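In the two assemblies presented below, chain A is common to both, partnered first by chain B and then by chain C.
Up next, the complex of A and B:
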């Protein structure tokens, strides 16, 4: 399968502190790339600079749009607009990412209005169809976000991201704010939407069990650097880097008798670039 | 009522507000005051410049239902005032003459006026028989025999509207400058910030005085009115601009704002559809709390004789008459406009408090 996104040598520092340091990777179409790492390892900065919510210092982000390869950072805002349809994002916090003053109908309709899709009636139908797709009642449309639970809000967030029929969806810790049973529901939903719509996911997470279950490939980040990348099974079964081993050893086991003994951090020889 | 979960945040805030009893009362008081001011030509029995030579510095007249014999009358009335000059002090003293009663007529004909400058009318909400023999001054009269109640109502129109117009202008300046400062950042932000600091460090009263003194004396009352309003708002916007800037700075990084940008919304849409609506409640509250400051500003300027001047009637202008202690001893009813100012300011503050509690989802009144 062909690649849909290629990132080369992406760098971003905040006040001289490198947060993303020369990161390169590629994502193949209709697969899921997991990005893991501890808090502060630069995952969010990385994906936000792909989306141009943050301007990186250097490096290129090339995206294989429906009209061929394009360098996202050399486009003017006007040229970027059609690409916004193809790349969407699902946020981490389902409470902060929905405008509290808008009804679900208005939230889901807005992307369609901005991109000039359909008339009032057809937009309404699309919203209803989308709500069904994310397994929410059609009557949800007239309600405000405060009337929903965390899991339901996250479904609204997913609906907003998918209503433009994107090809690449960036999930920035999209399930980590939810409790475990809701997490599983949302992951199932994302997986079924992927097989139905052929979506490509860029899945940022710190929960390795989720990544193992959900992703095809994985990218391990530490202090702004990619320390290891490859197919999930390979990385998880045969970690090459000390930091990956440390992360893997920190996964709690469901067996209550098994003691958690993460590797001592001090012994690690982590190369700082 | 529709289902609770379908209510908008605005409706929920209104529900919370309604449970704030003091604020509801304050809102009622303000509605009454503003209605009186809006329809002051009709509400008042006289025009503000109309003189009654038979009642100069007359004290407030009692409105009665029982006459001197203790008989009840369905139609309220006032007794005629008899003027005597105290031979020792040479002071005018008024005494009720219980042999002459003036019954109060509602919707009576009286002095003709031009309603809102639109049409001529001569009906007043209440007055006495229009044959010219009777009079009613239930707030008393001033040293020229002008009816204080009518003057307070006409003054209310100027004083209360200056608060709203001034705050409107303040809001406009504050939201515009603060909003751009917060959204654009950089040079513009620094410029606005420094300007705010300079303006806030100047003591307001001397500055107002200087600027008011610069208003040409030849200006018509209406131009002076707008001049004073502009002066008041030019220095009032700084606080609001700071708040708006702070909110914009914080909100620029909010997930739902970023989400809007990522679906391709342009700056105008982000600002007006997403950022501003989420703190309109805050702006309304700030505006409500800013109105009394405006009213007090106008009053202070007019009281000092550098704001509005007679023949314009405003509460500040009316209080100018009460500048000496003679008034307090001999004609204390001339201080009545002051009572109106106090009531208005308190009502606005209580209303603002209620609005703030209602708009703040973390207030103690929140529905569980």
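Up next, the complex of A and C:
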């Protein structure tokens, strides 16, 4: 399978602190690349730089669009617009990314209007079908974001990203706030869209169980660097890097007899329970 | 002082919407005993946040509430929260002093225009009579305890300069620093990677023991429940399905929904409802299933590496 996205030597610093340090990777079409790593390791900065929500300092991001390869960072905003239909992002903080004064109907319809898709009636049908796919009731359409639970709001964000039938979806902790059963349903939805429409996912997550189930390849970040990268089974069965090992060992077990015994890391004053 | 710190009795909540009524809670009853951690688990939309918002009287005017929420604070008269008048001075005491809350969405709890350090110090100043310098020093210490590094620099930064997990930890620090009698945490660790989650869980638990207070911990992760809680309440569709000690409920779930929750942990073996080694899905990797690196040598390596 050919690559759909190629990132080369991407760098971003904030006030002279490197946050993303010369990161390179490729994503093959119709596969899922997981990105895991410590909080603050640069995952959000990295994925936001791809669509230029953040301007990187250097490096290239090349995307294989329906019209061929494009260098995302040298396009004008006008040239970028049609690509924004192909590449969608689901944000980490669902509440902050939903306009509180718009109903769910308007939130989901907006991207269709911006890209000139359908008429009023067909858009309404598309919104209804999308709501059903993310397991929200039809009556949700007329409600405002504040009238939903956290997980429901996250599903509104997912619906908004998927309604344009994108080719590449960047998910930043998009299922973290969902309980396991709804999470499983959303992951099933994402997986079936992948096999139906050939979608590609870039999947930032911290739940390694989810990454193992859902991703083909994984990239482990630590302090702005990619420290490990490869097929999920390989990386998880034979982690090479200390941080990967630490991550794998810190998964809480649902058995109350197996207690967490955290290792005090540098800068932490923890008492043992 | 045998009563529980918090007692919820037949709590029902209905929201008026344009399309009629939404029944969010239906006769919910459970207790939060003193000196313990009670977890509430349940599906998305099952009413976990509505319950915790009701305890702080944070529900919107469209909510119709019936039932009782009784708080029995140490050394003070019991408080019937549902019947308290909004202008009652005890309301201020409830929200700031007796109960504090870590909200599900951290950005909603942080002001975008104030520096991190000032916001955490403000939380100290609101509830305790100390000088601004002391408050700032306490804030810095607490931020270190929730795992932030280079705190001297970070206290001068703004929320938009923080990562998602760093913001979540700031909000946790703000709640912990008030030393409330009841700490409510609504999915406090969803945006954190497992290593930091583990550290936060230990921190919450050790502070709970030190302060002898109680924690109401909302989560959808049964692994987290097993590690932190003493008791657990399982909710589904606005109702309590079962409740009991963590051991009782997780080792021997009575309700099909609880069994379903256990089975749908990613990687779980689903052929048996009581399959508890769900996290042990790997054979090759040193999966601790709840334990950090067991091997001291490996631990030392990681410690050195993180410096």
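Here is the rule we go by: the second predicted complex is superposed on the first by the 244 of 273 C-alpha atoms of A that agree within 3 Å, B and C clash if a C-alpha of one lies under 4 Å from a C-alpha of the other, contacts with A are read in each partner's own complex, and residues count from 1 in each chain.
Convention: a residue touches a chain if its C-beta (ideal position, glycine included) is under 8 Å from a C-beta of that chain, and two chains touch if they have at least 3 such contacts.
This one's a predicted model, so the numbers in the text were calculated from it and none came from an experiment.
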item	value
A:36 touches, of chain B and chain C: first, second, both or neither?	second
A:150 touches, of chain B and chain C: first, second, both or neither?	second
Which of chain B and chain C A:93 touches, first, second, both or neither	both
Chain B versus chain C as contact partner of A:251, first or second or both or neither	second
Partner chain(s) touched by A:74 [first = chain B, second = chain C, both, neither]	neither
Which superposed partner A:212 touches (first chain B, second chain C, both, neither)	second
Contacts of A:240 with chain B and chain C, given as first, second, both or neither	neither
Partner chain in contact with A:44 - chain B first, chain C second, else both or neither	second
Partner chain in contact with A:125 - chain B first, chain C second, else both or neither	neither
Chain B or chain C, by number of chain A residues touched	C
On chain A, positions contacted by chain B and by chain C	92-93, 96, 142-143, 146-147
List of chain A residues in touch with chain B within their complex	51, 53, 77, 80-81, 84-85, 88-89, 91-93, 96-101, 103, 110-111, 114-115, 142-144, 146-147, 157, 160, 164
Chain A partner contacts - residues on chain C that touch it in the complex	15, 17-19, 22, 41-45, 48-50, 60, 104-108, 144-145, 147, 149, 161, 163-166, 169, 186-187, 190-199, 201-203, 205-206, 209, 220-227, 246-247, 250-251, 260-262, 264-267, 276-294, 298-299, 301-303, 305-307
Of chain A, residues touching chain C in the complex	14, 36-40, 43-45, 92-96, 139, 142-143, 146-147, 149-152, 155, 172-173, 176-184, 206-210, 212-213, 236-239, 242-243, 245-256, 258-273
List of chain B residues in touch with chain A within their complex	5-10, 12, 254-256, 258-266, 269, 273-274, 277-278
